[in-house]
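Quick one: the structure is below, questions incoming.
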């Protein structure tokens, strides 16, 4: 690999144009590449993103996926591509509107415009061919699109993308993306050697000739940019950082599962959870792991429970509709105290809802969905890195407490790509092989410790441990028991385990000053956006801090004292809540964000909420506006007789 | 039927013994008859109960059902029979411990003793044959049983039940129950004509001879009692009451469904819900109704949704495990705004739990079980009479609001038998036939009124109404929509309907003074027991009132102002909560009763709870003790910084 | 309960053209076999002049389950695997409606298997189509029960472990099966004739349609598409006969759909793809007919209810 | 993953007697056919000397599903209809365990139908028993899919509307079926021989046991119990042969379990009750064998994981 000096030497652009156009220094910038699907915008973006990460930038990449598998060309809903946010500090979320977009055609651009994805002053590099296209229908579409977008102050830069590419290839559908990569390399001063490496890797299965063709297109793009563009951006890298890995949340969940020592996943495909299994399907067997694609989610849950019961904790991965189907088995896991890890990658609901979009609306279902009293653990990683470590924690709790553990992630974590500190696997992350030693005489399968409710489970193969596990009410010996005392006692023991786990937890840390006018509380994937908004609010002189919760059951300790130090507490969530001021909505009948609801019951604090169900990750700017509009008037008493 | 005078003339006992033994006047008494299953104790109890009702007493009957289908004879867990509480005022619950028990053998008695079912000073009429039985093993069992029960001050009265019966029949297993009915008729002064009518009805399919044999046994019992017993009880009837019907809660649900005009039930058998369908299986078709026993609960829900969607609101009936399986379809009903009525007859949980026993632990699952935001109605009848009317209300709301409505009853209502005011069916209870008139031009299948969220659904067969209903996010025209605005708007419209319904509701009425030291809040089947406990508490000079909630979603209005008038608010529920003072349990990590949790979030009041999961209905006496032990010390501030 | 509804029909004299059955623009991939199924279905709707407002398409979730959105009738696009219970509820309530069910292979044979088996047993008068592309399409390339052994997918990158399920063989074992057929979307004439036979069958008609997915299983049906000799047409007057295919599809077998044993033998896995009606038997009762009852007026209901309440009188 | 577990066995020389397999006192009704099934199973456990701690009984919910509580091995009494997924998860994780599955007719053929079909396809090495009393027992007398037409129950007081499902016919249609047999609990010798054959079969052995429920379906099997001539024994060396029955059960038919077509013909509804092995084929792969992988030490895993993490390195 090229040495530093070589790199510097070859840092694009090495051209006179570069000198003519001194780059504008930025701390962060958001760019995206959109095209018809199949034109390779995604690969272009991926290479740009990973090269930026390697150069030391903070990066957050999101795929732009059309609703259909293969949408018609030049259609607004068909926009496909990649959105990359780079920064000179770690990037924790997708940010606000896009600053620079490269569009292969005006329809793809229009799709983004309609979703409000682009900043008012966004720079738009667009293929000029359509404007003057032979087909007048297309020319008309171009004009209509420009008309529709005229309200915004986009800065259009017409680029003869296809025309240029045709000088090197016959079928431009296969080449444009590399040309565009060249444009971007010049604009953002990306390391061309690294880009060539990535290209080489991407086409490793193709011929040398294919590789060369792509590199030529890349250089052509660089050349065109250097000769025609009068703007460049520099987003300086971070000072040397510790070793990092870059992946999305589902890949992190899969690797975390491996690192936890779990050896069996039973699942049924469902967006956006499926890709967890795609990763494992490739590698799990190498670790001695087994992946079972069941006939449905019910069977997947049952299969995992059977596996856990007879060996080591197993897990299943799903999303809303699948979680619904698993409900009955989750109750059985709780009742039989069979360890189980359930990952719910939340998507837009209710029902089939918005399968590819983000939402945080399964919280209450995860907590309370199972009929009867079903004490269990619910935790929610807040970052892609935490997706990895959450699996290790979940497996350990499930085993130690004979408990069902639900891990709530969402489509934002699942599809967002971000570098994070490389995990360094250690032995105690991994589950031990099941202990099949004989069961000491007199021990029973549910010898609950009267204080902690903990007991040691027997695994088939353990001599002397024979018993029948049952979902019916049962006593210490696992005998079916219908009497009043046993049901009260066994219910108490199952619940007690949560109190014990709670007693080991510490209060969460406040982000920012630990007292002030407003505390923003969040959970799950919104952490980065919330904290960025809080930073900006503080910069604007607002006394705002934030708090992020990982454990929803048992609820993290010490919340009330923290809340008491703020004049107002408000959750920010990607789920539905009624807005005060809307017709018929009163303080009393208002349906609140799911975390807000929990925190009110837990702390008796008048927790307000600002939530949206737009099917997209939270934008820091939107949160900032919500903070401003919800700041308590200096006169408001902290807790009003709200309800 | 016999005239009043005849009745009086023939009121048992017309004997001298009666004169010797003046009856003791009581306002209420609890008696039960227990035997091996198959010995007819149930029929005996049923006849006693219905005759008592006809004579003008308040009555609450509960079946005593063994866990097994056919338990071995003379086994404690095999106790089978009937428990009747009669009063000179309406009886609203099963009461406390039993005052008088007739036991066919000492093992059946022991089963009841072990469940703490009998009052310390209970009168026990028991067949004396076992004490002196030829089989010494049996004699030993008798002695052991007496030994075990010696701690209590039961007043044993040995009756040669079998010996006496053998003077009239060969196989006493078939006759004892009528002899015992005679004993009870004499003790409680029941109308023998009415009893004979009931016997005649019970054996209407049998020969005249069978009838005569049973009446002879009855008379024998009366005669034996009058000659040997020195105690009688009189529970005076109520002053003439309006026409009444007597039935259990599942029968009331079935008749209520008919009265609501619903014409299709799709179900899958599950205790204790199944008997709703048993009733309908007999009669529903006569009303043009259809009963579909589906392959599972999922299919039952889907079948009902299909029926509702294409015609009139249909319903399904289930219990915990079945509710769990229906979860996904309930979300679809909400998302597609397809009316649906779901009856959940709650049983002991979690998982398969205690299938035949009572619990109120599905509340949160009913409210929040569906992933995503799924606004819907949850209501809980508090009495058997309300089970009837709840179905009419549920159907109307489901149709008016295009809403899924869950009706929560429980095993206590389902199996309790009680007389109540005879419903007088009127036209507007019944659903109208679906309107198949052409859809006016321009109308869309989800033309949400922006204020109320209400819209008119189109039914197949309506010309011009063609559209595709979908569980995906959709717009007014029912087109799949992935854009941000539509999802926010449609979510708002579905939620708004609950606020509109809420706006039509009045605050619930407080039972007792509307301010005081403690307010006991309940929901569902516990109403009678709670109010009886409150009455006693007030009689003891405690400033206690109670409040009973029928609507859990939307929550009934005006609670906070009511709560503010009491120094302490406490729920009483048949579900699990941690008890303060137990190891590891703190105010902060305590898992509370399900209603208590809701009310805390709703009113920000420090609502305490007293709950038990004994698998049996609440006893008023136990509630009274809980009230006493939870009364706020005069010093306690009303709302402490609890959590 | 719905007999009376039958009289609510309108403009029975109207004639419907293809356009009357076209709704949203299909969003399937170019070359997707589903386009052809839709075309054949719309052709059938025209040919049979089915009232758009009296016709219902019910589906689950999947690429194929988008079908109802593209037909201008009533439609119910429900839950993955659960099309049949919903369709049965509709047909029971409204026997007057014509009901079509569209399912994918994962939808019907994996998560929906229990309903598939039981709906066959209920034998309600409806037409159920299994659009079998041997893959999970909408969720982007996972193995389905009908995926050929060793075929690679995202969940089985080293190849499917199990031999593919044979839906025809299975359905023929389900009690009460009354119409079981197989056709291929790349032979429009045969597909149309099969759909028509299914629609005209009085009972539960199950049709497996072999369907190309150029995106995830381009290879699977390629050979069969190119080589007509790989297909064997089961022909019979009580099944489907498509004379215009005789020239190309020379491999034909006379099979009496009334012969269950022969049907089962023919359904066993072989390397030829058999197309046609395997089994047909109209003698089975239809569940909706067994349960239909006379619809009552509210007055009649009140009278009955009063009688019933009296039987509970104290 | 569990090969290493195989070495954790203990006291292999111990000899087990009937008592070693007896747990809680059965709570079934007097005369319930389940008692006989339990006796036959315990006899088999003794005969095969199965390690109690290496044997697992998995069941759903129902009278029959109480079975595991009465056998002193490991047991899992799970959810109604879901015994098979749990059993498959156990067998996949622990191929070293001997797994028996006990289901009722509602349990297996109604709510559990999808799992029944797919577990057959997975063909894991376990023995699945369908205790078929033609009724829902535990919930007190509701119609099950196998309830005879016109038989009255609490949900069909006027008689079951549909013809009964035929579980043997259905299973024979399921892809990968490898062992399908039927026996009757009132012929202990035949039941025992059938259970033994099922246990010894390497693959998924499905046995339907006709079971009397004296409480709710006393009439149904009465005739067959009284009249041996109503039963026809399918005999074959590769199936079951019970010489001691020859005198009473004179009606016998030689049937080669390898012949699927004959098996299906014999499975079709008739008024004789056919008992024996309908089909058997050990050539199908067993899913757990297809997926077994070498178990790694933690060190090996860490090494692999580090390599994989490096492939994600920035």
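Structure notes:
Each chain gets a letter, A, B, C and D, in the order it is written, and its residues are counted from 1.
In this section, a residue touches a chain if its C-beta (ideal position, glycine included) is under 8 Å from a C-beta of that chain, and two chains touch if they have at least 3 such contacts.
No experiment lies behind these values; they were computed from the predicted model shown.
Chain centres computed from CA atoms place B at the largest separation from chain C. Against reference pair B-D, the listed pairs A-D, A-C or B-C yield one interface repeat, A-C (criterion: more than half of contact pairs the same by residue number). Here the CA centre of chain A is 39 Å from the CA centre of chain C. Note on chain placement: the centre of chain C and the centre of chain D lie 32 Å apart, centres being C-alpha means.
One finds 44 Å separating the Cα centroids of chain A and chain D.
In chain D, 61, 79, 110-111, 113-114, 117-118, 145, 291 are the positions where the chain touches two or more neighbouring chains simultaneously. Multi-chain contact residues of chain B, defined as those touching 2 or more other chains: 67, 285, 295-296, 321, 328, 332, 351-352, 470-472, 480. If you check the complex, the residues on chain D that touch chain C are 110-114, 117-118, 121-122, 145, 161-166, 169-176, 260-261, 264-265, 268, 284-285, 287, 290-291. Those residues of chain D that touch chain A in the shared complex are 1-2, 4-5, 8-11, 23-24, 52-54, 56-58, 61, 68-69, 72-79, 82, 84-94, 96-97, 114-115, 117-118, 291-296, 298, 301-302, 304-306, 308-309, 312-314. Those residues of chain A that touch chain D in the shared complex are 50, 53-54, 243-247, 251, 255, 258-259, 261, 263-264, 266, 283, 285-290, 292, 294-296, 298-312, 314, 328-329, 332, 419, 422-423, 425-427, 430, 433-434, 436, 438, 458, 460-472, 479-480. By the touch criterion given at the top, residues 67, 77, 114-116, 320-321, 323-325, 327-328, 331-332, 334-336, 344, 346, 348-357, 359, 361-362, 364-365, 367-375, 450-452, 470-473, 482-485, 487-488, 491-492, 495-496, 498-500, 502-503, 554-555, 557, 559-560, 564, 575-576, 578-579, 582-586, 588-591, 597-598, 600-606, 612-616, 639, 641-643 of chain A touch chain B in their complex. Partner chain C is touched in their complex by these residues of chain A: 67-72, 268-271, 274, 277-278, 281-282, 285, 291, 293, 295-297, 321, 351-352.
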